[in-house]
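Before we start, here is the structure in question, set down as structure tokens.
Order of writing sets the chain letters: A, B, C, D and E. Residues in each chain are counted from 1.
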Amino acid sequence: MPRIGVFICHCGINIEKTVDTAKVAEAARSFPGVVFAADYKYMCSDPGQNMILDAIREYNLDRIVVGACSPSLHEPTFQACVAKADLNPYFFEMANLREQVSWVTHDREMATEKAIQAVRMAVAKAGKSEPLASQSLPITKKALVIGGGISGIQAALDIAEAGFPVILVEREPSIGGRMAQLDKTFPTLDCSACILTPKMVEAARNPNITIHTYAEVENVAGFIGNFEVTIRKKARSIDMSKCTGCGVCYEKCPVKVPNKFEEGTGERKAIYVPFPQAVPNKPVIDREVCLHFTKGKCGICAKMCPAEAVVYNQEDEVITEKVGAIIVATGFDLFDTKRYEEYAGGAHPDMITSLQFERLINASGPTQGKLRRPSDGKEPETIVFIQCVGSRDDKMGRPYCSRICCMYTAKQTILVREKFPNARIFVFFMDIRTAGKNYEEFCRRAIEDYNAEYIRGRVSKIYPSGDKLIVEGSDTILGRPVEIAADLVVLAAGAEARADAKDLARMLGIQTDQYNFFSEAHAKLRPVETMTGGIFLAGACQFPRDIPDCVASASASAAKALALFGKPELASLPTVAKVDESRCSGCMACLSVCPYSAVTMEEVKNKSGGIREVARVNPGVCQGCGACAAACNAGVIDLLGYTNEQIACQVDAALL
Amino acid sequence: MDKSKNLRETAKTLLSEGAVKSIIGYKKGRFPFYLQPAIIKDPEEAASLVFTPLSRQNLVSFIKKAAKPVGVVVKGCDLRSLVDLLQEHQIGRGDVRIIGVTCAGVLKGDALEHDPRFKPAEIKDVVEDDGRIKVITSSGEFEMPEDSMMEKCRSCSVHAPYLYDDLIGGGEPGKAPGPPAYPGVEEIEKMTPGEKRAFWLDMFSRCIRCNACRQACPLCFCEECVMDEAKPRWVTAEVDPVENLFAHLIRIYHSAGRCVSCGECERACPVGIPLSLLYNKAAKEVNELFGYNPGVDPEAQPAMLTYRLEDPECKSCLGGRNL
Amino acid sequence: MSADNPYIPFTAEIMKVTDETPDIKTFEINITDPDWNHKPGQFLELSLLGAGECPISISSAPIQLPTLDLSIKRAGIVTEAVHQLYPGEVVGVRGPYGRPFPMEEWRSKNLLIIGGGIGLAPLRPIIQQALCQRELYGDLTILYGARSPADLVFKEELKEWEGAPGTDVYLTVDKGGGEWDGHVGFVPAYLEELGPSPENTVAVTCGPPIMIRFVLKALEKMNFTPEQIITTLEMKMQCGVGLCGRCGLGDKYICIDGPVFSYAEILKLSPDLSALK
Amino acid sequence: MNMKFLPAASLKDWLDLLRSHGTLIAPVKEKDGFIAFRPDPDFEDITLDYQNTVRPIREFFLPHSETLFNFETVQNGFDIERNKPEEPLVIFGVRLCDACGLEALDRAFSGKYTDPYYTERRKNALIISLFCTEPHPACFCEGVQKLMTGPKGADILLYPVEGGFLADPLSEKGDKIIGESKKLFKEPDAEQLKAKDAMVEKAVGAQSCIVDFSLLPEKFKELPPSSPFWREEGEGCVSCGVCSFLCPACQCFSVQDISDGKSGKRVRCWATCQDCRFAKMAGGIDPRPEKGERHYHRLSHKFADAPARNDMIFCTGCGRCIRYCPSHHDVLETLKKFLEYEEVKP
Amino acid sequence: MSKAEEKEKTENAEKHEWEPKIVGFLCRWCSYAGADLAGSSRIEYPPNVRVIRVPCSGRVNPLHVLRAFRKGADAVLVAGCHPGDCHYSEGNYYARRRLDVLKELLEFIGIEPERFRLEWCSASEARRFADVITEVTGQVKKLGPLNPKENKNG
């Protein structure tokens, strides 16, 4: 019989409050195989861990069960602890008595009963555990960064500087992302382009960084240290090696369409660079609107190009790259303010989003930085900023705070004031959230020095009247309705997950939260890792972040990737599938359901000398999902750590 | 055309020309009302082969151990289990010579013993005559009624095999069959849960766990059955109705997407448990839920080893709906 | 033991566990029943309640009582469970069962003991008893082999036996390696190499079936008569008391009529030697 | 001991009397026509219209599975508790072959050691046989055991005759039982006795036996399991073991512990030598991997070893192994061929 | 009080005291994490579920579900990631096929459909997890014990 030790944690009062831990330990003493059981205030603490080590020595324990918090929290802690006593880490089992018992049950008697049951199941599983070991796997010391915004650029630069190659994939024709669209940055009012452009250039110049713009990741296979990614480089219709970036082509191009980079406030040509500082600063042909592609005529750009760089028949290029780590930095989308129908039916030329505002006030924007009413080009005299549009609004399914709007609105009021000393600037807000270094001071300056009039309250309605927009709201501090006739209304649109974030998550095998932002492995302790090994998160794809936070998280994820690259090799997952070849009949059911192609068929000799085919698992490739174990009718392929026998014993113990 | 004669000639040629090393067919024994499997290797032995309305047994069960290449005599229904073995890589197409036989139906196991018109001892021979089954006895010839045939024969859509190397009995080659009729399943479905439990526990109180159902099953090819496994012990040695029922459920689940409703299990069961109902239920659900009809296309993936994104959600479960 | 019910085991405490090889352990158990008396060659039924029961040959001579040794190779459910036991834990026991080695008949004869792997376990009581009553027997020759040096059982005792009076010990392994400087080769081949004389000698052999078959051939070649060759058919038994019907060998049951048989008897019971399969 | 006549009208009364001797077990026809021995049936449900049941009565003495003892792990040991003794059994309507099977099992279970479970049930049971007037063509009980003319294993044998049954007490116990209910029984008349003799004669004539069983033990020694005869013989077998599960004279069992880790029971259940795992040993060595070798084992056990060891062929000629075999393997055909087989020495 | 009333009362009392046993196989990436989140969010739900953590709903061998019923579970829940969200990309699709069929078989032998649930529940759906447990517990309480061991009709 195994000699099992059981340790029940009080977790301060977190468990003890509703679970009679002493009674659980007492009950555990009667479970088959248990030779020692105790309870203690904090099992995860040093004294708690020492208690386990002492008991292992004193009672010759060979299996350890701890009833404490969720294994997702402290399983690694205790596995490391038992390893210190030369026990295989997989001789450790954990019963979740906090998240799944004490915190969800108020009745002490019932909670204690449920805890006893949970420990009984863990003991039953531990009794059937076998020592598991990893295998060494090579690591491809090359990273993939998805997204070429400030986060992606920063992560790529950090990794490249450490000496490892990086592939940076950006789906737009240029890297730069959201930050490139901004005019100034809070709280220092630096010019956004002035601080971003050097980084973009640095990324382009770094020999360790390969940038694929106008490209998308199409498939991701493999696993930590050994991913294989497929990247589709969309046809740019430009021979990048010939193009000098002179710009003749887009000067001469006759087609004009709204520029996505300008958030629709300006126009571009069918052949274009999205913005002057673009990296690479070479154009791309938008085949959807280009006359050559839509009507089969024109061809001016090709004729005009002195370098003969325009290649109409260029095709998409699909490349595969082997990488060891992936950093996801795909950023955010802006909330679609049209959903607020009470705001002028959702759209009005003089009601713009905060990002459109950035473009309109930017010196290199469509108006060369002259802020004018889009409807008639008039200088605005009364400007209303409305915060929390698509943030903190349950109705819109966006109950969260977008975190950046308070600050950029304050910045925008300052920018307006600098241009129009006499304008009236109103800001409707719910709360002002300015937690950040020098943030509060910055905001006070907007109010006190720049005379932005902040009104606490929601705007209930906006409607046009003459050439004005009437903003109806209420001042909840003074408790009275407010009505403002505005020349320009700026909606502080919230940030939301990219529309296609879910698709990417599926491709990568990572999780998303209820708003489709990518989920971190642990909200506090593993904030830049995902649950999938080797895939890290940077920037606003995880949750709305401002620039310094994005850069910090990008560097953090780079550090995680570098930590991986710092290892000589990788330990494979010990909990993989295993075949009992002597009983395998070679029906290939396992092979059919394996998502990783980890199963192959091998010929073996029968006892009688004949040849037959049996399944074999590559433990380096297997990710331990167990689909094969459930598909095998004969129970020949099993999942270590979650064997048929272990689960059966848990079932039995659950029902005793 | 005399099928038996046709069959003997074909078998003799195949063996003497070395096209196959062995042939699995039917032969007569001491009793005119039973046929036995014949596994022959010598061309001379071909003379013992017959095909009659007593050719009930699904000979595909013997294929795995036979000397290859092997010729096997199959009815249209048996063929489907062979197709499944091809799908599940238990035999290569090149190793099997499919000797298909057109079949008008075979008799139920106890049809002759329970016929009030004659006694078993009086039976001299059982023959097929133009699609009808005739029993020749010492007291005369009797035509067997339709309900004396196996349940599957009465709704048969594969009288002629649709995949074969040799076709015995002539006629048009068969078409790939549609889903079978699953006789009797609906009656059980209409019962209340309590009635169902009572019905099955009553039936399985007869079970002696001889495993004849499993052993006779052409698709039970596992090296060691999961029911015999000790780690974990899925089925204990205790023979009681509930344990028996759950033991059978394991096989029934394992048959899902594979079972071709050949009825061998029920035929082999000495105590008359209506096992086909259970296997047909699994087959019916696989067909209704996933549109899969097993044992038709040798290239197809068995239903439980694949999926479609649009597979139906589990009936009573919430699926995506909020509470 | 319940007199009227041969299926009911009694408890015996494990006193000591010795690791013999990576998959063989020797368990010394304490038998409290004062009437217990076994002879070399007998076996008992070992129970681990919950795991099951299996026959295990007793690998110590009666002189060691009230404790006895069980050398157990990890092979099935029960033996695997037994391997997880520690001293102080209890097992179930019933027996002793089976026909013992006819050691009375062997007096003043030379004993040639040929063992392979775990097969030395049932032969050990013969050696122990012969060494204990040294004057009653002639020369004692022990030929023992295993797959590898690590797979040799009773390593310490093998050394002691080497030094015992009138005793020769020959060890061999199928595959050498490490510090092994002894003989390398299969037991039957080594046996032929050594070429012991059949004169006034009894050959007793136990080991893997394949080894036994070749040892028999070798002994025949060396002119041992079938009556001079004794083996013990350790396998196939289940209930141990001739009731479960499993260990039939001709009209005998191995468990009650054996497990010790002379080669002459085996030839009669199972002419094609399928008994040795 | 004298034969008595039991009028058909008195059968119910007699059975009611018998119920006081223990649990009455009699053949009952179920809804779907399946006939089986059932405990404590209503008289109306008892059927006499059956050739034989599919399952022989051995299951009442050696159940499919039974608990040998319960156990519980306690501090430093375990407690063992044996099941309590059961009610005595009165089994009515047992065919001669099944009764004879008990005779075989009696011998099998009392050798050097005695099986207490079987023996206890057997000792307490009363077996009332019913003569078989129309044997199935596959039956050969007369050929192998001379049962029609020399029944064994039962306490009382009933011959169905016009208007009732002739009750032949085969054992003292049977005689005593008949004596206890004298009022119900009458002296038989000559006509009835004559009818009985004619019935026996007719039944004997209906059976055919094509094998001289006395030649078998020698032949089994001559033609070992490794012979090609057996290899070919086994080819059409599906290894299900219906032949042994339904055999009235098969004794083999397996033992298994069923436990929750703390307490449990040791259970034994029927086992069949046709199962490839039957003889498989820990470590995977299989002495009988081929189906033919297993056939040899089964048949030599029944027709050669049992006569040597237990002085009786362990086959009662019930024909079940022929009738219910999925391949309709015919044991007599096999044995006949076996006796005729000459091995061609290469 | 009439006898019938008395009987009803004791039956009610028994029913009230009876707590169903529910075995829950939870995918560690989603539902198990969702259950953890329910804990962190202090969402109370009935204590009847006994959780077995599995790497994926595709790991759940239908034989384990059968075993649970055989051993006395009154209901079994398998919870995995929403279609498309499987950590291993397709395990839940296989689970859906397998358990769909199993459910039908269970129903065919008389195990009510309410007693076997396959649910999709993500790591963020703590509330949903609690609601599912609450609902199953309620439904099964209404049905009463299954206990195929002793009760033919119960």
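Here, contacts are C-beta pairs under 8 Å (C-beta built on N, C-alpha and C of every residue); 3 or more make two chains touch, one makes a residue touch a chain.
Just so it is clear, the structure is predicted and the values come from calculations on it, not from any experiment.
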item: Chain nearest the overall Cα centroid; value: E
item: Identity of the chain that, by mean CA position, is farthest from chain C; value: A
item: Reference chain B; chain at largest CA-centroid distance; value: A
item: Geometric centre distance via CA averages, chain D-chain B, whole Å; value: 31
item: CA centroid of chain C to CA centroid of chain D, Å; value: 38
item: Chain centre separation in whole Å, for chain E relative to chain B (CA means); value: 36
item: Geometric centre distance via CA averages, chain C-chain A, whole Å; value: 66
item: Shared-contact residues (touching 2 or more other chains) in chain B; value: 224, 226, 231, 234, 304
item: Residues of chain D whose C-beta touches two or more other chains; value: 73, 254-256, 261, 268
item: Multi-partner residues of chain E (each touching 2 or more other chains); value: 62-63, 67, 84, 90, 94, 98
item: Residue numbers on chain B that touch chain D, as the complex places them; value: 29-31, 34-39, 57, 61-62, 65-66, 113-114, 119-121, 206, 208-212, 214-216, 224, 228, 233, 236-240, 264, 267-268, 270-272, 274
item: In the complex, chain D residues that touch chain C; value: 68-69, 71, 73, 76-78, 80, 82, 108-109, 111-116, 221, 224-226, 250-257, 259, 261, 264, 266, 268, 271, 273, 278-279, 281-283, 285, 287-288, 293, 297, 301, 304-306, 308-309
item: Sites on chain A touched by chain B in the complex; value: 582-589, 592-593, 613, 631, 633-636, 644-645, 648-649
item: Complex contacts: residues of chain A adjacent to chain E; value: 70-72, 96, 98-107, 110-111, 113-114, 117-118, 121, 502, 505-506, 509, 511-514, 519, 531-532, 575, 593, 595-596, 623-627, 629-631, 635, 639, 642, 644, 647-648, 650-652, 654-655
item: Residue ranges of chain A in contact with chain D within the complex; value: 30-33, 124, 127, 582, 608, 652, 656
